[in-house]
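Listed below are the structures to be examined.
Consider the two complexes below, in which chain A is the common component and chain B and chain C are the respective partners.
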Partner chain A sequence: MIAPSRGIVKLQQASHKLLASGGRRSGHRGIASLAQTICDPIQSYVSDSNDPYLNLSIEHYLLQKSPPDSTILFLYTNRPCIVIGRNQNPWLEVNLGILKAGSSTTAKEDGQPVIGNVDLVRRRSGGGTVFHDEGNVNWSVICPPTDFTRDKHAEMVVRALRKLGIDRARVNERHDIVLDQGNRNGRSDPQDTHRTPYTVDDGAGPRPLKVSGSAYKLTRNRALHHGTCLLRSPNLQAIPQYLHSPAKPYLKARGVESVSSPIANIGLSNQAFQKQVQDEFARMHSGVPAAIAVDESLLSTPEISKGYDELRALDWTYSQTPQFTLFSHPETDEDPHAPVHDHLDTSPVPWLHPKIPINFKVQHGAILDVGSSKMSNQELEVLSTLKDQRIQELEKLTDELEGEEDDNSKAVRPIANWLGAMLPIVHV
Partner chain B sequence: FTMKHIATKKVGSLLSRCTAPTRVSYASRHFKSSAIPRQHLRRQFHSTPALDVVKPYLLADIGEGITECQVIQWFVQPGARVEQFDPICEVQSDKASVEITSRFDGVIKKLYYEQDDMAKVGKPLVDIDIQSDISPEDEALLNDNDSNVPTLRPTPSGGQEAGLEVDRNDTKAATGDAPPPPPPQTLPAKPETTSTPSEGQAPRAVGKHASLATPAVRHLTKELNVQIEDIEGTGKEGRVTKEDVQKYAAAQKETPTTTKSSTPAAPEPQAEDQIRPLTPIQKGMFKQMTRSLSIPHFLYTDNVDFTGLSSIRKSLNASKEKSQKLSALPFVVKAVSLALSKHPLLNSHLDTSNAEKPQMVVKAQHNIGIAIDSPSGLLVPVVKNVQSLSIEAISAEIGRLGALARSGKLTNADLSGASFTLSNIGSIGGTAVAPVIVSPQVAILGVGRARVVPAFGKGGELIKKEEAVFSWSADHRVVDGAAAARCAEDVRSYLENVESMLVQMK
Partner chain C sequence: MASRLPIARAARQFASSAARRPSAPVEFSCRRWQAAPALQSRLFSVSAAVREKQYTEDHEWIEKSADGKTYTLGISEYAAHALGDVVYIELPQIDLEVSESDAIGAVESVKSASDINTPVSGTVTEVNKVLEEKPAQINKDPEGEGWIAKIAVTEEPTGKLMTEEEYKAFTED
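And now, the complex of A and B:
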């Protein structure tokens, strides 16, 4: 399913919908600036834009600029994109090769729907990797640290879901929202948002399905908790493809790894969900105003525009990756019997014995070091030209090396090619 | 004591856009537990004079039992000057990205980790050349020893100056809040402490910005003999500046009235009363039961021996699919229906629409309502025409209605028209109950849980018996005790001798 483009007509339609669901305050455009509302003790916003970079920038602005004792709800929906955590490794988490529309050969072969361009975004909060599309609504609550617990707002969303008839929803131990899959097995307190009548206590029952994951950003004065909510994503089947990276066996990384879970759609409309969450939020606080629509008009605010540019920068997306090591041959010392994934051709260095492993330490978006347990110093010397090579410039390097005929260039070229294939930089 | 500082990177000056700095009580922003001593009015400075000490500054517990977290980004380098509250670094653990800020004014001397390293909770994060006062509580954070995460305890004298702010995200000692149920936490998670277990949920004093000021300012307050808690801060983020103190002191001289001590301490409610309007089901129950209040209930309980029934069920179910297995309930329903055929009075509606002339409407059909516990509360779907249904058919119908109840799809038709109600409270528990009659019906049966009890057999030997308590309620305005008892006895004999049901089946 191709992400629908947001023309003016669509915008108006969307705004009509929001108006009907009690979301808008005025007109068809989002407010031009947050200056009037940013100091209010309770604020509620909903985004008309599906630009993930913009929505995250607005969210960040709200976090930075709102008074320490204010509480804010922000709801937004993104066009198809993959959002990785602040400290994650995109090469490890994401199948970067299929992000660009038309590049996914595997998808076509399997007869899976091709999604079109999928953005890659690194957010500022922690946690794991998630797939967003128009069937997923993101909710974000910013509040004082004193009011904050890791579960508080997940519980709010579960209450909203239960009021919409989703009685299988509950908050689990990881502060995610899941749908229990068991049979009705007994009583549970309807007020208990961590338990449903379908909850199985032993491991025997069917595994609950995850419908929402969340992450936090905590500063001195503010706590931000945001999460997804899978309502009606048309892309559930395709998501696993996007979140399995072919480079995974070749990478050893620090940083937070995603915890994989089976997912499901809840089966509600965005509008119904949004309205119910806003209602639930209003129940928790007094004086909650009607939700204010925001959109790209806010780019006129310098901090938002700056944050927007920062999120879009390749440097932020790729070079913020914590240090990791890339191996020419997947590490097999953990399980000597595990099959070696020869996803790419044998050794990247054809003139070397295929079994010579090379490893590359990467940090700050550049190659920190090249090492090998079995190479001679001389051979390593040749490869050391790759030190400090920026990953973003690998393509340029391979182009340069193309025509060169000297031995050293000939040696480095296939490695540079291989590196570029293993660590692609995709700008959708 | 001047405070020269080089501007260090500030993350978001939060109040720069707002006209009035919002005053939130410092303590209420940060503390939960009695372990944090900042509730007290600090009157004196700590006896330790301002020292230039280089101390290792420990990474405090960030909660959730996390023992290490990754350093994502440093905001300072060795040599950088920091003030209290300046961010030192950002760490990441699991799902949370957390800013660690400095508790002290001083100069960073050494970073213990590089970016991307895993920083250990309770171990030194940086070395800082401290240029502000150190209270005993702060001492705890500066020791590099294996007592690991120090806790903050109120000092016995209570008179120690807390020279420095403790910030939630500062490397402060873990406070041992009992994890469940968590009151709103200062830390984003449920902090566990590696030391003292006894920090309870003591009320936090909601004082003003008790110490939101630099040491120099506090010196001044001491000199001028004013309480810093009473002063309105106009500095950065609500801090009290020298000018504030001086102005206040001047104002104090003019108004001899005693200033109020800090705002009444409102203990942090650990649990709040919740106001909940009645759910639709509760409303229905409320109306119905209010009506039932007018009925004089005659209660009759008896034990029914289920042993025979259980063994029959077992042999019947042996050849059945799991979904077809018969529970005891359909047998009970059928037995009740058979008994109602013999005692039709109990299958009636009492019509009191005309107060002068109350009358009984003896119902021809046995529409037996089965009280079910659903996620939304008590529901009573009705099995219609039990007198014409076989036990298997009854069982299927109960299953069907149960599924509808669970998914919230019962219609009004399903829920109305009962002439008798059966409450299977035994599925949850209980022995004898006093069920409430659903008017206009005149009787109700509550079935308790079948339990295995010892009994004496024919030869006086000890045998196992399975018993359930049947609790009947009848409307004593129209049903007398004997009628109810006879009906109850019939039900009992049907269930204890299942073959006798056979000869009555139509």
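And now, the complex of A and C:
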């Protein structure tokens, strides 16, 4: 993994910024090192940074470096970003074209505002793809494996939400938090975090709306459970557009595919939610200290800086994608003139008929194999120049081919252009 | 409901027994407990001549090849059951040099990426490619067709290893 060392970050005087739980003192910088607190049996942090790469790196550092028997709460909010699971395919999960276009996302008819720059992040935990923005608070609990269950801390968050009056909140069978949408149909045990008075049987009423998704990372000594919590995202209506890849019908992927769910905002302020989660965490553990603010000054910790660079590297985000195959034509091709393979329809290469299927096997971020059942060996030979081509360097290839006039270059050019359109890379 | 599923229960048990293992030689930054003497358990010394599966407290198994040069590594039936449906297995690279207790790969199930740790030091010589395409194989036959990797050993394992019987008692504990 590429991890070029960052420039020396000016070491700040470690100043413990103790906060009243949930509160934030403005004008103060976060601490420059976690050395003072990371040995404590119970720790609580809140990030002042909205950089998703930094927050995930701090979280990973806490997972790796804290004592096995300690328990940690870490709360953070990221700027708009899409976070994919450890073993997911970004081209399958995300509409990278609109990420690449940045601010040029088409405003929807209802006048939905444009989101602007949205980062793509591959996290280290499992699970599916989620959208984060300033109206979403991430909660993360790191604990000994002995204390771990997949529901324990989702239940903690549900108790916090209920104390804030969100009585429709419960943990569902996927370990997510949902808001029941049914009519009040009776009483339920207020202590039961898996049922509300609004819970209806599957299919018997309106579908619950998801407000929080869970993912886990389990190491030898530690268990990490982190989840999102949609409070007041201004981007709810745009999210499906971001999480729908136009390349999906053309891809067959190994790894983990997301399960999409209808989502909703809870309608609480970030501060109220944070405070309540901290209070609930304090109820579960004795001796929880006031939350400590952290921010980008932690980049002076070499391990955090290294993790930060790793998460930002294209090699991590793209080349860690499990093996997949890209087909020139979707398997059920109902619309042969779908815009995504316009490039093939207008191919200047005489032998490359628009209906001739080609498939590209991609592994470790590079083309492993090019195949077609309908091409001659000679034709395949021409295409084999694409073997070992790194997806990250497709743009470079198309630029190089642009000026070339030989037959091979002219043959490969439209395919390379098409590959680039199907498998975009968004630079950090 | 989720918390009442057998898998959730099993995962809890799995996790709890995993935690009873003595501190691993992993880098931690806290002297306070780092200083605590690691319980180097050598109670179960291994005879090189015996070819049978041995189990770790992390719920992995190893088996020595006939020539004694290679160990095959996998996860136990117990672990496979506790993990739930495995949807992806991140295998180590061939020729990767590994040290005892290193995470050499990971298994994804139920939104969890769980590290696979090696109880032996050496070089990865082979990985079970079948698992790349059929991760569910590890649920079906974790101690046979679902093996994960083969490691050419540089030194004999020093961590605690159990016989099948001892491991059975350990998981029932």
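We take it that the second predicted complex is superposed on the first by the 368 of 428 C-alpha atoms of A that agree within 3 Å, B and C clash if a C-alpha of one lies under 4 Å from a C-alpha of the other, contacts with A are read in each partner's own complex, and residues count from 1 in each chain.
Assume contacts are C-beta pairs under 8 Å (C-beta built on N, C-alpha and C of every residue); 3 or more make two chains touch, one makes a residue touch a chain.
Just so we're clear, the structure is a prediction, and the values are computed from it rather than from any experiment.
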| item | value |
| --- | --- |
| Simultaneous placement of chain C and chain B on chain A, clash or fit | clash |
| First (chain B), second (chain C), both or neither touched by A:Ile356 | neither |
| Contacts of A:Asn87 with chain B and chain C, given as first, second, both or neither | both |
| Chain B versus chain C as contact partner of A:Glu173, first or second or both or neither | second |
| Partner chain in contact with A:Ala313 - chain B first, chain C second, else both or neither | neither |
| Touched partner set for A:Ala35, first chain B, second chain C, both or neither | both |
| Partner chain(s) touched by A:Arg195 [first = chain B, second = chain C, both, neither] | second |
| Partner chain in contact with A:Ala264 - chain B first, chain C second, else both or neither | neither |
| Partner chain(s) touched by A:Pro145 [first = chain B, second = chain C, both, neither] | both |
| Where chain B runs into chain C (options 61-69, 439-447 or 475-483) | 61-69 |
| Residues of chain A at both interfaces, chain B in one complex, chain C in the other | 35, 38-39, 65-69, 85-87, 124-128, 144-146, 148-151, 174-175, 214-221, 223, 254-256, 322-323 |
| Residue ranges of chain B touching chain A (in the complex, touch as defined) | 11-12, 14-15, 17-19, 22, 24, 28-30, 32, 64, 70, 72, 85, 87, 92-99, 101, 115-116, 118, 167-170, 182, 184-190, 237, 373, 375-377, 406, 408, 428 |
| Chain C residues within the chain A interface of the complex | 1-3, 5, 8, 11-12, 15-16, 18-21, 23-24, 26, 28-33, 58, 87-88, 90, 101, 103, 106, 108-115, 117, 132-133 |
| Residue ranges of chain A touching chain C (in the complex, touch as defined) | 35, 38-39, 65-69, 85-87, 124-128, 144-146, 148-151, 155, 171-175, 194-195, 214-221, 223, 254-256, 322-323 |
| For the chain A and chain B complex, residues of the former touching the latter | 35, 38-39, 63-70, 85-87, 124-128, 144-152, 165, 167, 174-175, 184, 187-188, 190, 196-197, 214-223, 254-256, 322-323, 363 |
